[in-house]
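In the two complexes that follow, chain A is the common piece, with chain B as its partner first and chain C second.
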Partner chain A sequence: MVQSKKQKYLFLAFCLVPTMIMFSIFTLYPLFNGLYYSLFSWSGSSSAAEFTGLSNYVKLFNDSIIPRTIFHDYFLVVTKVFGIMILATFFAVALTQLRIKEAPFYRIVFFFPNIMSVVVIGILWSFIYNPSLGLINSGLELVGLDSWTRPWLGSEDWALPSLVLPSVWAGIGLFMLMLMGGISNVSKSYYEAAEIDGATEWQQFWKVTLPLIWPQIKISILYIVITTLNGSFIIVQVMTGGGPNNSTHVMGSYLYQQAFQQYNFGYGATIGVMILILSLITVLIMQFFMRREKVEY
Partner chain B sequence: MKKWRKGPVGLLWAAILILGLMLAGCAPGASGGDEAEGGQSEDTGDTSDGGDDSGDSSGEISGELEIQYFVGGYGDSWWKEVIGDFQEEYPDVTITEHAGPNINEEMRSRWVSDDPPDVVYIDGAGSSETQMVEDGQLMNLTDWVNEMEVDGSPLLDNLIVEPADYDGDIYSLPLVFDTWGTWYDRAWFEEEGFEVPENFDSFMDSMATINDKEGIAPFVTTGQYPYYFLRGMLYPAFAAAGGEELLASVIDGEEGAWTSEPVLEVMKKVEKMQEAGYIDPGFGALNHTQSQMNFLLHDNAFIPVGFWLPNEMANDVPDGFEFGFIPSPMQDAGDPFAIVPDLRPLAIAEKAENPEAAKAFVEFVYNREYATLFSEHTGAIMNMTNVDLTGNENVPPYLTEANEMINDPEQVQIYNKPHPMSSDLETPIGDALTSLMLGNITAEEFVEKAEAAAAEYRGE
Partner chain C sequence: MKKSLSRIVIRLPLILWAIAVIYPILWMFIGAFKSNAEIYANPWGLPHVFNFQNFSQAWNEYNIDTSVFNSLIVTVVGALLTLIMAIPTAYALERIVFKGNRFLFTLYISAMMIPTVLGWIPLFFLLMQLNLLDNIFGLSIVYAVSQLPFSIFVLTSFMGTIPKALEESAAMDGLSPYGVLWKIITPLSMTGIITVTIMNAIQFWNEYFMALIFLQSEENYTLALAIDYISNEAEYTNAWGTLFASLAIAIIPVIVLYAIFQRRISKGMTEGAIKG
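Here is the complex of A and B:
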């Protein structure tokens, strides 16, 4: 059937206009509203908002907690990217290549944390880390490593590293599945050819598997970076509330504290703008570094 | 190549969307609403002029009365009873209750859009009396309160604690008299022969005994909310050391207050507790419920919390556990205990639509019958003097005892703070406090940090 031009445009409008309206209301308006309120001194709980120009931004640059929150965020980004990608790749390869009989069982087990709410994970792990009743300290005592026990989440030095483990644990499953999808798309004949050429399993992984699943790896890394920059808020809020003494505050949790607990909503919005800019820059840099031509054999 | 780029950018937009939504969630109301409000604010002016003769006649009071109250550890049964009685007394008033544990968040959009309820009880997470006063949301009650009477004498003479003072003006009336103090298990202490502290020295001795005998760190508090220690232990300590004057200067973050000699001495006491290993080294990770749970399980022996502790933990109290309460023993030997009341106020909105009925309700609440009823229902004390709780079987024993103590100036001195500390000052001080209690900084470093935080707070 041949469509007239009018019909075609009508159809396009039918598809695009509602989306555009929704997008404007729920994305563009809040975005610009956030930018707008970063110029105000506003408690967020009354109608009294005072225009203060760029003073919130001046405060942002003079706030000694801000650099720490940025460092904490990127600490989590780096440790999570390495932790999740190494383990997820390992499990994905193991479950697809090694012909383990119980593979489906492990797939479910590893994916399990992903269907749990992050809040539940946070609460669960704060029990595991509990200094007196927790699994970790009791375990260490059991094997005679009493000197290694410490109040994990209650220590200014250990609280942030302690957050890495639950974040990695919660993230592996999803990326493992993504990589498994990639691996199962790699044709068996490549491996057979490599084997005939005398390549070891290790070489096969580096020369065949890895280049062919690079797109999946790249997506995974980007996804981890973005979700960490925007989402580590939850695990911090649930497990430590940013403490002790700001040693675990990430940008998001600091934003929350300023906007909703210290009643500096305008300043919170300013931190939001900073998160936006930093996320954008990070993603652009990552795009640049991970540019690698798609490999086809 | 291009294809891949689209994915992450899409994700980024999604992230921005979430962020944007977070920020714009509660923008101030449209200006259209303000215009409509114009007529009503005139009404407010009229009624406050004629407010003198409110209260003695019920006929004039009608219309809708909206009451917002937070339901937390005290429950809501007392409110239901009082509001029911008020309804009987003033049948022409239609009462709308806004109540619940999240009511402060739920009503926030009403306050933001200048359409607040008439009466508000300020308590619980997400509410801040100081912030509401700073934002001009509460009605100035100074003149009206000074004329109000209870049982033939001025209301202000009948309150245990006077209303918070904001540069000489009154914006709220303290309703619930709560106070922080130190809790212990009376039964356990009697059984083991532990000493109930009477001052800081005997507190340290008692903790040493418990530490030796039980092998536990005797003192615990929540590190996630350092203000529990600040309000529960330090306020009384400052008050005992330097009276209301020092307390006020510390709360206002006046220049030199935090580095002053008495403050440093108090902080040295905290340092001593830490160095002796009496503060649970894991406290930094605990939220308030976890710390209270550890206390109930005898992982620790002392905890600073307010009167609401028994109510809050009612479902988790082990058999044989008996709550014992003393004012926090931070004072030197020979001095009386210090108590710094923590008040939960009742206020009327500046933009109340029915201020007449709101005032009638506030006046209605303040009488001794409801004060007694309050203690029976909630296990706490309403802010009225001469409420006889002795011999009242419906009141828990710790409360009768505390009530007696509070009325005996030889044992306990009551010090009032001018108003709560602003969260902009409380947060950085709490952070430094956690660091001190973990042993990462010294008392001297702490007061420097606190002074710097106060300087920044004053600069705002």
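Here is the complex of A and C:
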């Protein structure tokens, strides 16, 4: 391109600077400022901010609800990873390998919940779990398992596990598509060779499909972990609000409660720092353990 | 014989899951046409007569009309702002060689992985100082910036597929770099722009939590907030029919978009996730 250096930099600035300014103001600055806020005791009015050093962090370590919120978050992470990956892998293999005529129908239907609003999903499932009107309890009564019916979201023991099903329901389609993309890239000749060697379909799955789509599996798991740690509180907020008796509070919903309902903004920021650190550590550890050489046959 | 049996066994979970997805959504629509008495008497069956009373009640008494309007504004303004900010940056990052290019790209992309909750507390006070708190335009700006990383990522990969020769010959003909950007690159990456815009629009239409934090007065509620409000009220008023009607109103635009752009949406989301 024929243009002077000055013109080039002017154009570059035109492209990058306005966006960078907006990004800095509305994303970077708040993140760093959040770290700073965590050192203050602050109820929101501008005069009352008081520098308290690490006392919010001391409070964090002594808050008996914090370990529970961390446990709840990781409970959701683990159950979602297993629930989604097992079902998504099964569906992906079934839809690609078996040449089912109506495969596009399933693909379209299974993906749809991924673009539904969490509010809609949450309210819909709250109704499914509704003790008197809900589908689950009526279904259990219908098949004679009356003793299994319970106030799912109202029970301290069952509320958290009850949140797993809607999350799996809403998430499966995306990961199924990601895995299907991987499987369709696996050359047919591997399967033909495996067939000649007498491998059963089950063996083909374990020895051919799974190793070759490992990159997609790895990305899917990482993605589930990240989105759960960074966003599980949304469905919690809609469906239970952290209750009953804190039994479903995750880190993010507890932050919301502390900061925006009880106006402990400094302490809320401290919880935010904890979320940031925990999710970064988790991702690093996972990337270390899931490093597996790319398989080539 | 053995083959067909295993086929049925494999098909069964597919059919069951399809029912698990379709039935609740269908049931929500059916519920929107039922009276409250019918919902209690027969929560999971068909209504005797279809009536639209729930819709008019949601629309008139629960101010769903205002929130639909607010959601529309937030969606349109947010999606446009995202494009205005993302297209030039994506082009510069994809095509112009300069120091710090890699760093800037990584900075934007890594923002997709960082939990933004921490930033929401300072953002709340920032918006308050800028007089943008409890303001749907303030929310639109926050939305637009929050979708920047994803949009930049998808747009750079689309722009990467445009042959460089086109820009070079246009520049030879005396077109300025600005002209190349708006008259050559933007039209040629229209597929990517449309994909990104649909994804962002759905995201903004559905968004709940930032709206919950950054909007306060009822007349500014977006649809997600209004529905959440009706849902909390319904525990006392038992206005379940109205609740279903408003859920239906929220989900119909998404279904329509999905019906038209199904391939683009699923492809866009899968690609966004693979890099994220």
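Following the convention adopted for this analysis, the second predicted complex is superposed on the first by the 268 of 297 C-alpha atoms of A that agree within 3 Å, B and C clash if a C-alpha of one lies under 4 Å from a C-alpha of the other, contacts with A are read in each partner's own complex, and residues count from 1 in each chain.
Following the convention adopted for this analysis, contacts are C-beta pairs under 8 Å (C-beta built on N, C-alpha and C of every residue); 3 or more make two chains touch, one makes a residue touch a chain.
Every value quoted in this text rests on a predicted model; they were computed, and no experiment measured them.
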Mind checking the superposed model to see whether chain B and chain C fit together on chain A or clash? clash
Looking at A:G181, would you say it contacts chain B, chain C, both, or neither? Reply first, second, both or neither. second
One more residue to check, A:G243. First (chain B), second (chain C), both or neither? first
Have a look at where A:F90 lands relative to chain B and chain C in the superposition and call it first, second, both or neither. second
Applying the touch criterion given at the start, work out whether A:I70 contacts chain B, chain C, both or neither, answering first, second, both or neither. neither
Let me test your reading of the model: by the given contact rule, A:A199 touches which partner, first (chain B), second (chain C), both or neither? neither
Which superposed partner A:G272 touches (first chain B, second chain C, both, neither): both
Who touches more of chain A, chain B or chain C? C
Please indicate which partner A:S43 is in contact with in the superposed arrangement: first for chain B, second for chain C, both, or neither. first
Give one of first, second, both or neither to describe whether A:T27 is in contact with chain B, with chain C, with both, or with none. both
Does chain B (first) or chain C (second) touch A:Y263, or do both, or does neither? first
Quick one: from 4-12, 58-66, 76-84 or 112-120, give me the piece of chain C that collides with chain B in the overlay. 112-120
Identify the residues of chain A that lie in both the chain B contact region and the chain C contact region. 26-27, 29-31, 33-34, 37, 126, 219, 223, 226, 229-230, 255, 259-260, 268-269, 272, 275-276, 279, 283
List of chain A residues in touch with chain C within their complex: 1-3, 7-8, 11-12, 14-16, 18-20, 22-23, 25-27, 29-31, 33-35, 37, 87, 90-91, 94-95, 98, 100, 105-120, 123-128, 133-135, 138, 169, 172-174, 177-178, 181, 216, 219-220, 223, 226, 229-230, 233-234, 237-238, 252, 255-256, 259-260, 265, 268-269, 272-273, 275-276, 279, 283
Chain A partner contacts - residues on chain B that touch it in the complex: 1, 4-5, 7-9, 11-13, 15-24, 26-29, 34, 108, 111-114, 126, 128, 131-132, 134-137, 223-226, 280-287, 290, 294, 299, 423-424, 427, 431-432, 434-435, 438, 440
Considering the complex alone, what residue numbers of chain C touch chain A? 7, 10-11, 13-14, 17-18, 20-22, 24-25, 27-28, 39-40, 43-44, 85-86, 88-89, 91-92, 96, 98, 104, 108, 111, 113-124, 126, 141-142, 144-146, 148, 167-168, 171-172, 177-178, 181, 202, 205-209, 212-213, 224, 227-228, 231, 240, 243, 247, 250-251, 254-255, 258, 262, 265-266, 269-270, 273-274, 276
In the complex, go through chain A and note every residue touching chain B. 26-27, 29-31, 33-34, 37, 42-49, 126, 129-132, 151-156, 159, 215, 218-219, 222-223, 226, 229-230, 240-241, 243-246, 255, 257, 259-264, 268-269, 272, 275-276, 279-280, 283, 287, 291, 293-294
